[in-house]
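The block underneath contains the structure these notes are about, expressed in structure tokens.
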């Protein structure tokens, strides 16, 4: 298996009259942590949504693990091993944390009659172990809706891990999290990448986080890819600074 | 341990009452049978609406389909259906005991299967339709079924079908169908009790809470929707088959497809008792049934208005239902943990606490 | 059925009859659907008791007629009474379900439908009624096509009412407030619009529209306590097919539905009329969902 795990080529997506993504091309290397930065409205979330199949793209190609996925829907792409977390964090509010985890089991191999089986103890143990990994073990029996925003983010992250993805797209994972907890989250992201072998593709606004975390960064502005490179290169690129400070891109 | 023995005692008590009722109050056997049908109605509606969030206004369609399939089977085995319905009661079929019960058994089985297949097909046809559109669409299906049946002469059209006569003396018939309805309700309860203990429950609850997120996790949502609806339809078909025989007469608009009465009662009962729980529908059915009997006795003429008002009041003011209300007052009874003020509760001791933050 | 089709092809003038009948009921459907769409668009409440409110209006006119009031004259007082009733219903029921989930409001209005139907049944009995408007019948095409004048008057009145509503919404301050609330209730509140009053007004206006439509229905056709649900379903078909806020679409769809219903009633038989309408509902829903499929969205 070689080649980038995600390959986006010439993807264009417009909503009504607004072109959110214009001829976007980028690659995400297998096993890497890749960052995606850019000012608000640059089309980052739209790109994520395109990749996971939430909406069809107007033109271009998206390949996942060598396979064209731009025609597939969310369910199919999820089952191929591509997960994403949402900016506004979506969890199942009325169920407790453990139940949220159990529902997140990978579904690719599940047969029709699997739904009639109970959850075996080893799966429950795995769920609890992952909850502990994100620091939610003591809250595991609370309804997800009663958790704080930051805790829900962690839960959503744990649920994504439970799904055993090959790639995890994270949309602003540290937004809204208490700054003292951010280091813990960075650490967990790195561990997920290193220990579980999950490729991470991360949208971030927090420069400290993304420079610390990512090995390769893309910067977008007004729907296009502006530049890419290592954190050092991107940080010092004048175009990136201009984009954030509002000069014409 | 205590909870388990309490539950067992409760189940046993209900079973005893259920078995004894037609002997203690023989004149009310049919009414009691209707009660068990109402319990079945509530349980099946909750599977779709309460557990999965797909609020169907037309589940009664499966009740009607089951009724007609059973009637056609019973008559068709022995006589020509078209001729029978055309004669409009002038022809009296004679069934031997074996023929009657055989026909009834086969008819009920086919009713269950037929309703299930119809549900699976509908679930495919209406795939992707959610929320209020789903509700109105299903209402449309039920109304369409009623109207089309009423326009179909082969099944008796608007006149209906008069059912074969039960072999056996007076009182026997009522008791037989009472126990049949009781058995159906019990089977329904046991089935859903088992089903909600499997992965199915969490999956459909996830669909209810956030279907898009459930899809994003890769859940085969279509499968769950089909299974939920088919399970409900299965038992509704059986209920229809039994009800048609019990009433002795099958007619499309009031008996088989009563969208504006039973069709909506099943929703009201579930909401009243507390949707999304196993016992909520049962409690709701009981309370609703009692209210219905009371209004029929004391408010005759006004009973439907009273029930309509009950529906409005429940929906507007009492959405959590009885069980929901109890849960909010006494969450401990339901094993729900309430977050304590101060430190997190300790739970069982666990190795390796969460890793301390290491700054970059 | 085949013979009926042959009549249509053999005597084409008969199509005109069906067309005219269809358009006249379609005009009334358009009015009812417009009211439904208005409430839906502004408050998100899908009023399943729409048809029953129509029947109420019809019965009010019927009762007034018994005391010598001509139905056309009765339209104004009926609309006023229905407006007041609508305000009352809003205060007692609708206001509390507006902020809740969509199914709750649907179910609440369904409960209202039952209460209204049964009340009408209790007061008037289940039989169908009609109001004689005392107008003549026009004979066209040498007597082959009949159209009662009242039908033409009904079409004209529907037209007038629709224009009045549109003008009100476009040019009056309240109308603008309604439209603003429909677009974004929170923004409207921030701008100082009392959304509660807007909702109340919208619902009451709808009730008044239903009342007027009910009088027309009583004159052109028949009313009965349990006929309401049929009108509710038709209104939903039209609104679902045309989409919210699309008045021209509502008019076209409503007229089309009226005509289709007449044709199906003639070709297939009167007993299939309701089934046709309901089947159309399902078809339209499925069609809309299929067209959303391409953008991978669900119909909700």
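Order as written gives the chain letters A, B and C; numbering starts at 1 within each chain.
Here is the rule we use: a residue touches a chain if its C-beta (ideal position, glycine included) is under 8 Å from a C-beta of that chain, and two chains touch if they have at least 3 such contacts.
These numbers come from a predicted model, not from an experiment.
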### Message
When I count C-beta pairs in contact, which pair ends up with more: B-C or A-C?
### Response
B-C
### Query
Quick one: which chain's Cα centre is the longest way from subunit A's?
C
### Averaged-CA centre spacing for the pair subunit B and subunit A, given as whole angstrom
42
### Query
If you average the Cα atoms of subunit B and of subunit C to get two centres, how far apart are those centres in Å?
33
### Message
With centres defined as the mean C-alpha position, give me the subunit A-subunit C separation in Å.
### Response
48
### Task
Specify, in ascending order, the residues of subunit A that touch 2 or more different other chains.
73-74
### Query
Tell me, which parts of subunit C touch subunit A in their complex?
294-296
### Task
Within their complex, state which residues of subunit A touch subunit C.
53-56, 73-74
### Query
Of all residues in subunit A, which touch subunit B in the complex?
52, 73-75, 78-79, 83-84, 90-96, 99, 102-104, 106-108, 110, 112, 114-119, 132-135, 137-143, 146, 159, 163, 180-181, 183-184, 186-188, 208, 212
### Query
Residues of subunit B touching subunit A in their complex?
195, 197-200, 202-203, 205-206, 209-210, 212-221, 223-224, 227, 336-337, 339, 344-347, 350, 352, 354-360
## Note on the structure
subunit B partner, complex, touching residues on subunit C are 46, 48, 93, 96-97, 100, 102-104, 106-108, 110-115, 117-119, 122, 229, 233, 236, 240, 269, 271-272, 274-275, 278-279, 281-282, 285-286, 289, 292-293, 298-300
